[in-house]
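Alright, structures below, take your time with them.
Common to both upcoming complexes is chain A, partnered first by chain B, then by chain C.
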Partner chain A sequence: MTTDRGAVYDLGYEPYHGERRGRKGARLTIWADGNRRVLGLRRKARRKVMPWLLIAIALLPAIVSVGIAFIVPAGVSNEFNLADANASFFQLGGTIVMLFTALAAPELLIPDRRYGVLSMLSSRPLTSSDYLAARFASNITVVGGFLLIPQILLFIGQAGTDPDGLVQGIINSAPTIPRILAVTAIYITAFVPLGFMISSLVQRKSIAASVFLAVIIGLTAFAEAIVRNSVLPGGRWMALLAPINTADAANNWVFGSINNDSLLAAADIHPALGIAALVVIGSAAVMVSVWQYRRLM
Partner chain B sequence: MPDTAFTTSQIGYAYGSVVALHSLDLSVPRGRTGLVGANGAGKSTLIKLLLGILTPTTGTATVLGMDTRTESIDIRSVVGYMPEGPCLPLDQTAADFLIYAAGTAGLPKQAARQRASDVLTLVGLNEERFRYLGDFSTGMKQRAKLAQAIVQDPKLVFLDEPTSGLDPSGREEMLDLINRLGSFGIDVIVSSHVLRDIERTCDYVVMLDEGTLLNSGPLHPEGDTDAVRIELIDGADRISQELRNAGAEVEGDGPRLTVRYGEGDVFDLVRDAAARSGASLLSLSASGSSLEERFLEREVRR
Partner chain C sequence: MTLDPAFVPDPTIEVVTVSKWFGQKVAVSGLSCSFGPGVTGLLGPNGAGKTTLLRMISGLTSVSNGKITVLGKNPRTDTGLFSSMALVPDEDAVYGDITGRQFVRYSAALSNVEERDKPEEVLSIVAMGDAADRSIGGYSKGMRQRIKVAAAIVTDPDVLILDEPLNGTDPIQRAHLIALFEGFGEEGRTVIVSSHVLEEVERVSKRVIAIVDGRLAAAGSVEAIRASMHDIPYVVRISTDAPRKLGAALFASSAAVSITSTNDGISVSTKDITTLGKDTPRIASDIGARITGFRPQDQSLESVFRYLVEGR
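The block that comes next holds the complex of A and B.
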């Protein structure tokens, strides 16, 4: 028999005396939360379906092409030649990334407003610009990752199937890296700011996604109609309002494969001017989001 | 650390043409303070001004010695805020949300995890930490809101209508939690239109009405501890006589009397006098007038 008796200790309240990282820490937390939110991580299973389905769709062609390129000997078929596939993969990814942005941007901004989380965040050591910058960085991270992962697979395929061996293959394929980064930035500029602006103004995720897709597709159809039919004097400049076409044309230009059928070519506008237009439109969209959040936070 | 939780000097705020606060001058000591007033009195506006969420139309304010106009980020590093409205992401678990809330206050990841766990235990949600906030009851949501306000270990916490929407037992639990915050070294500013909640939790009060200051001061003024207020069903004359014979001062007539007695426990004296005289007591309370009475009295004077 023991004389020891159990005891319950109330540990009470433990004050925190550790590091406080202020605005920098707050921004980093909001950025990381944004990435998780878009990908549905640490959320219910049904929230993971759409983002991962789109990621799978974007990855599948790259996986199949690279897999076949490894199996089929070089020179047997040009169909599986990966050397010039970057532009076409971006073009395919660009369309899917439009859908991904329609999903991501509303997810990043709307729940915080709908659930009232902004009222909590407005008492934290950060400004509305800090919050928006962190969320914008999340949007760029997930969309950029979405565009880059197939290209990374492609790069591995290009290097791995190089007749001179893997190491020499990496060296031979290295010049594509800055081009890949540049085209990723172009597609991000084409879609992310616009999705962000619409999500900062609309109260429901599904409506924001629909409006985003309607604006992109509507602008493209409008520009196509005006430019191809030459219905307005100076109407060719409307080609700059079509973000998909502009990004695709810029993609081809960066990878050195000019497409004479593109809308910009039909309007006789150089792709570099198209990129400048994307930057101007994107900047304006970001400014609208900043203005809106200065009112809200 | 300054002696005051916050000060205001001629602070005012207007939503467009609607003036929410009229030139308030306040100096509120550290401890537990209640902001009292009816809906629309300006309590929430005052809190938002103190947090630097709103910029005052006129005047200035300091919180823990820091200027709300120029040092709002520094203020928000050391204060917590429980808003009156919803602030919980319903698609997150309580644990994930608390980690996020701690991170947005600048705590590193590991510390945020530890604090989230500790605070969820403190507010009684430890067992529910992996449940989604959307599945929480109103009482649990209010506790989660309180948890996010203190997860970063603030020096001062603003609680805007913390008992709003709670049933009586939930209200009691929330008031107990608020009372405990003081013992953790956290100063508390509680806004409420329920005067009994303020009486239960605070030792200083600021009364607002339609954006103006009615009164501010200690909730239980010193000097009234040897006086009681009694209300009788019958036997007022007999008990008055008994009390005077025992050396007490008796004021008032009819069924409501105020009794002062400086030579012993006034409550015991009233009890004994009631027993001897056969008078029937309806109520017996400390004579420091209740907050409700003080509030109504001030309103009438205006």
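The block that comes next holds the complex of A and C.
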């Protein structure tokens, strides 16, 4: 007796009849995966250490300050006055966020290339721009959250310790909200696109993080040397290349305090121009990342 | 009118005089063929251009010349097409630092498959349910292949493209996956399975597209292609206790072209391996020789298809 070769076994596969959300859903998946990846969620414990350590370092001063402000009665000491603390908290957070970006941007982009998963992602309903936009959104989300959470704590502290009561305190503190959002955007613009660009070009996470920190610190040192020593004609414009100083100066400007020692002040450049420079540099960095991923995907 | 075996009556994938070159290197040259519902084997030696062709069909690589359509759409520009299409790439396209279950769920979410049980279902189908919570970094090659297949089929694709999906799998896993691909083909999905191993392709699909050096070398049913290979001389090593006697007897049969004898056996060159295979035991029995081995020496696909191309 002869039988046909290749019998078909019922292995239990059922067609999918549910809804499909298209590109939007795919972008959302990439974004959510990015957030988890950076924060080490659903990953081994050792992958959680660095991000959560940095988050703890950023949060600790806010927790302590707000805690003390609640304990120490108002007017006892100005040291525990939270009213003008936003700018200084951003300045502290800004330095830590630089380290956080050095960790986050490589984690978002490099494993997909290292593990060769881009081909799998490319055969899904999303374009290279969708992928990059979703990863960029993840980066903004985690870095933004990193900057905003201490400020939210501070806001609660400011409102909660207001002598006029909590409700009036919220009303009194409300004008700081747009400023907080603006300064968050400034620090994001200063660091995230640059970290993203470097991570799109470098093949290893540790090297990308090192290059990012070297570029940021190197640019700052270079600009400091040129501007402070007036070694080049027109060299004062180099101050615009120092993202940390520019973001810090813009932070102080937004919150209404003037720092005459800042690099921008030394170069006689208005902080608004500094913000514009951050936007231009950030846009250029994003363009490089887009160009790179158009080639890769 | 008879249709060229390279084409099918109701194609879901059409490849029209497609060429692809990378600098000076021509990977695919003027290739035309089509694929329809059911399983088609894409056969060719390493470096033949199979992966390049599959990457072009999947929209991962642009064509240098010609045109490819999948379900009537351009895979390079129509992103929506990928809701109906899945690729299992040849390379290790899996994260090493997450579990198999997380990877399949991620894949399902990327293709917007929201049914919560679907990842579990496919993990079970590829027999990875027990290992699903282990990190992929610790998987064997065969397990990685199966998790890649699970990540592809979880999307319930109409078009499934598998580039060397059976590499590294053991015989049981292989049979399991082959049955799965056959099942997909029977359901009317378009399944392309590439391989450089003739036996694998023969088991997976009834229809084969064979390419060598980026050109179409053969197309049609496996039987028809085999039949067209009758002119290729095979060398078979027969181990026996009476090499000279058996050699002389076999030479008298029409299947043997030439025979070389050694102390423990003979090497027979033949153009009809099937007849030789049938005749040898009978002849050995007639002359009282004992056969302890019958091994084709040169059945590599590369040599077979190189012969096909160079013979034209």
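One rule holds in what follows: the second predicted complex is superposed on the first by the 286 of 297 C-alpha atoms of A that agree within 3 Å, B and C clash if a C-alpha of one lies under 4 Å from a C-alpha of the other, contacts with A are read in each partner's own complex, and residues count from 1 in each chain.
The rule we apply is simple: contacts are C-beta pairs under 8 Å (C-beta built on N, C-alpha and C of every residue); 3 or more make two chains touch, one makes a residue touch a chain.
Only a predicted model underlies this, so the values are computations on that prediction, with no experimental measurement involved.
Trainee: With both structures lined up on chain A, is it a clash or a fit for chain B and chain C?
Mentor: Here the two partners, once superposed via chain A, clash with each other.
Trainee: By the touch definition at the top of the document, which applies to A:206: first (chain B), second (chain C), both, or neither?
Mentor: The answer is neither, since A:206 touches no partner chain.
Trainee: Check the residue A:126 against both partner chains and state whether it touches chain B (first), chain C (second), both, or neither.
Mentor: It touches chain B and chain C both.
Trainee: With both complexes superposed on chain A, which partner does A:117 reach: first (chain B), second (chain C), both or neither?
Mentor: both
Trainee: Taking the superposition as given, does A:26 touch the first partner, chain B, the second, chain C, both, or neither?
Mentor: It touches chain B and chain C both.
Trainee: With both complexes superposed on chain A, which partner does A:47 reach: first (chain B), second (chain C), both or neither?
Mentor: both
Trainee: Touching A:168 in the superposition: chain B (first), chain C (second), both, neither?
Mentor: Touch partners of A:168: none, neither chain B nor chain C.
Trainee: Need the overlap of the two footprints on chain A, from chain B and from chain C, as residue ranges.
Mentor: On chain A, the overlap between the chain B and chain C contacts is residues 12-16, 18-23, 25-26, 29-30, 32-33, 42-44, 47, 111, 115-117, 119-127, 297.
Trainee: Residue numbers of chain A touching chain B in their complex, please.
Mentor: 12-16, 18-26, 28-30, 32-33, 42-44, 47, 111-112, 115-117, 119-127, 297
Trainee: Under the touch definition given earlier, write down the residues of chain C that touch chain A in their complex.
Mentor: Residue positions touching the partner: 55, 58-60, 79-83, 85-87, 89, 91-98, 102, 106-107, 109-115, 118, 121-122, 124-125, 135, 148, 151, 153, 155-156, 161, 176, 178-180, 182-184, 186-187, 203, 206.
Trainee: Per the contact definition, I'd like the list of chain B residues that touch chain A in the complex.
Mentor: Interface residues on chain B, with respect to chain A: 51, 53, 73-74, 76-77, 79-81, 83, 85-93, 96, 100-101, 103-108, 111-112, 115, 118, 122, 132, 148, 152-153, 158, 180, 183-185.
Trainee: For a test of understanding, state which residues of chain A touch chain C in their complex under the given definition.
Mentor: Within the complex, chain A contacts chain C at residues 5-16, 18-23, 25-26, 29-30, 32-33, 42-44, 47, 111, 115-127, 130, 297.
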